[in-house]
Amino acid sequence: MTATQLTLIQIDNYGPWTVTPEPRREMDLQTLQSRLFADLAQFVGSRDGYVFFTRFDNMVAATNGLDRTDHALLQESIGNRYPVTISLGVGVDEVPIEALETATERVQDAGSAQSADRAEVLGGEFHEDSGDGDLRIAHFDVNDATGKYTDRLNEFDTFIEIEQGYASLMRYMREAHGALSFFVGGDNIIAICPDLSVEEYHDAIDHVAEEAGVQLKVGVGRGATAHEAGIGAKHALEDCRYEGTLVEFA
Amino acid sequence: MTATQLTLIQIDNYGPWTVTPEPRREMDLQTLQSRLFADLAQFVGSRDGYVFFTRFDNMVAATNGLDRTDHALLQESIGNRYPVTISLGVGVDEVPIEALETATERVQDAGSAQSADRAEVLGGEFHEDSGDGDLRIAHFDVNDATGKYTDRLNEFDTFIEIEQGYASLMRYMREAHGALSFFVGGDNIIAICPDLSVEEYHDAIDHVAEEAGVQLKVGVGRGATAHEAGIGAKHALEDCRYEGTLVEFA
Amino acid sequence: MTATQLTLIQIDNYGPWTVTPEPRREMDLQTLQSRLFADLAQFVGSRDGYVFFTRFDNMVAATNGLDRTDHALLQESIGNRYPVTISLGVGVDEVPIEALETATERVQDAGSAQSADRAEVLGGEFHEDSGDGDLRIAHFDVNDATGKYTDRLNEFDTFIEIEQGYASLMRYMREAHGALSFFVGGDNIIAICPDLSVEEYHDAIDHVAEEAGVQLKVGVGRGATAHEAGIGAKHALEDCRYEGTLVEFA
Amino acid sequence: MTATQLTLIQIDNYGPWTVTPEPRREMDLQTLQSRLFADLAQFVGSRDGYVFFTRFDNMVAATNGLDRTDHALLQESIGNRYPVTISLGVGVDEVPIEALETATERVQDAGSAQSADRAEVLGGEFHEDSGDGDLRIAHFDVNDATGKYTDRLNEFDTFIEIEQGYASLMRYMREAHGALSFFVGGDNIIAICPDLSVEEYHDAIDHVAEEAGVQLKVGVGRGATAHEAGIGAKHALEDCRYEGTLVEFA
């Protein structure tokens, strides 16, 4: 049984800041957002968590193994180095979407995302005793994306195809299983999942093939942390490549 | 009449690199990708262009005002500081998708995205005489995203809504007008467009409201560069906010 | 009694790389070096260590609290994201210079800094049981640098003054006590020290005043980690400011 | 005859900020400082200027080729992405130290480095008509630093040697020629110089050998920009290596 600890990272009062006193240069905002994400990826990632850029002003992280002290330090360090601050909400549950529901509420309960009074919220519960099988990570990838799309279509039309596949998978996994799927670049999608069977992964792949016409394969891993589960998933995906299969478990 | 210069930025042979000799830590890949994007955003952005992260291994930039020398310098500088190199293809056209078609072909013609032999391609044509009205940028934004989604739903369900709005808009704008729409974080979408009328923007907004149930507004700007057009679009979007309108031109 | 764990971080075969195939753009090298240092500062710093830029191709870190696994992860992560790799040597001793001697030897024994065959060395011993008083950090600072130099002289002449003060202190502390003093920007010098008395700090300050004509003050802290000792030192330095004294212990 | 344009970059009111409300984590300050420098190195460097970290809170740049608009954009972009702002002063002169004198005064005249009221000063004069020989860059380097120091001594004792060589050179070049010498990492020193003869460079090298016991060699280049002059200097330094000489002009 999984026990996923998820953290919502929300930039405080970011919307108003982007247009005060005048709308800021878009490329500076893009730089700020992507570097903030990179810093989170290093902090969380070097502690074996995963963080996803999601909407950039709101990011989601799988943080099993990071406790309250780690979260407080992250918050302090970002506050020391950026012109904006972040709020953090944390939740734990067997079903990922439920963990995120809790995490989000902890931040929402302290005030609006666009409240000038609310800053650096740190709320929620942490998963104390970690277990080997707490996390399931599924790493999905498009079959032969290079040959079918990248080398053949213009980049925007390739992007539309990949994006449709992603949109289809994200909705399906969320509705069917309460799983959270994130696009991570290229043709890759990483999903934080509860326990699912081989058949359930085949169904997801079939669904995307039918709805969006995109052929996925998937490697699935488990571990005490996102990195452990995720690196297992990557190796399983390599197995798919060598075996020519669509679903492999680590 | 617009004359959009677009650059395709493609990381050379990136797929194989990510799994050689073993699959690399995902958070290191995420850090690499987002910092590479941030560096491009600073280089291109400080020359008044716009760059979009798209799939991160393939990025699209509006580069009016940047010539071949600028592109060569960017390529050299990335090669000096990253463990990967980039290829660049450039195209110019009245219709954005046509410019990108050309840009992509320049890179594709030199070899596959996953060819070990192909590196640091720099091909294409540049827009020589820039004119005031060469670029049209439309900055779309969701109405009251904070009140309707961010402060109310869990972050993943918010993300699904925003993402559906984006998927709907990106397809519509591409098919109806050959325009390229990019999600830039939060609830914001920036589109590189040809000349379009107020009605055509209203139609796009209506389409997204019907198909995805997401209410957009849009500010539209024009200029010799993406920044000029884009900052105009941002000011026009502020006009929408103050006037309570859905479409404003700078 | 102190037990300082020091790590030498050396970029592998960096000299040849900077001129292959042609001398690389200096500002790209500067960017690479300072970002590598920033990444080390975040990795080590968020685990309560301190790292100093020293010569940038060779950096020194106080790493009490970081074990072999942490060092291996740091090395892997840098290797994933930079065009260069790093070797790490670690030593522990009561006297800082002795710890560094050991740390350096571990790297030197594996081959030359400019050997194409030597890469990603990870050698040395780690301090297993950490104690409250393992580290002593002294934070030195110039009295009224703003009024005496920054606001009055041209920046280079200010720099010469500060730099002379630093050169004087670094030699004195190394020779008299085996302590390692690092310039950290502005008018600040941070020294990793063995146990020293108030008088010994006064002597150091007197020496610099006489030799270089620069008036320093110093706050001294102790702790199980560099951050703990260092933040104590910073508070002690604030005490100097409020009390008008030259040496304060946390 | 040279015409060097120098820019002083000063972080506004930085001292007080580092201790408000409490002393900030040193490694966050180090990260902030080195990333700010890296961003300046990219902005200035990609426009063929050079920037030196100096004291990090005050940096010096050779900015021939960058006009007032470039400086204003740099200032705006840093303000958009950092929790601190920067002031810029610019001066032009045949003698580098005179140019910096002017540049510094422009900032000093607007208020103290530690005044809460003074922010984002942008003052000074710009070199309008650039000429081929406006800049002289001398790239000094220690002979066989690897064999004599890095591979043999502990890193701190190596550092002391290099640092003594630097201290000696910086004072000599400033006093004898009004030239500004900056340590750039490893065993490298880059100097912004007026027109000097081969003999004058030999004298400088002799001085350092006698005073500090460090054997330097130097390549000298000229150009309309720092990069042009600097890349010439690097090639000339390679000539020293191949010819076994101590001074080479590009």
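A few notes on this one:
Letters are used for the chains, namely A, B, C and D, taken in the order the chains are written, and counting of residues starts over at 1 for each.
Everything that follows uses one rule, which is that a residue touches a chain if its C-beta (ideal position, glycine included) is under 8 Å from a C-beta of that chain, and two chains touch if they have at least 3 such contacts.
Computed from a predicted model, the values in this text were never measured in an experiment.
With chains reduced to the mean position of their C-alpha atoms, the one farthest from subunit B is C.
Each of A-B and B-D has its own count of C-beta contacts, and the greater count is at A-B. As a whole-number value, the distance joining the C-alpha centres of subunit B and subunit C reads 42 Å.
Separation between the centroids of subunit A and subunit B, computed from CA atoms only, is 22 Å. Taking each chain's centre as the mean of its C-alpha atoms, subunit B lies 37 Å from subunit D. Across the assembly, subunit C contributes 25, 28-29, 31, 35, 42, 45-46, 77 as residues in contact with two or more other chains. Contact topology of the protein chains: fully connected, every pair of chains touching. Residues 39, 42-43, 45-46, 73-74, 77 of subunit C are the ones that touch subunit A when the two sit in their complex.
For subunit C in complex with subunit D, the residues that touch the partner chain are 8, 10, 14-15, 19, 23, 25-31, 33-35, 37-38, 41-42, 44-46, 49-51, 53-58, 60, 97, 100-101, 103-105, 108, 112-114, 146-147, 150-160, 162-164, 167, 170-171, 174, 180, 184-187, 190, 227, 230-231, 234-235, 237-238.
On the subunit D side of its complex with subunit A, the touching residues are 24-25, 28-29, 31-32, 35, 76-77, 80-83.
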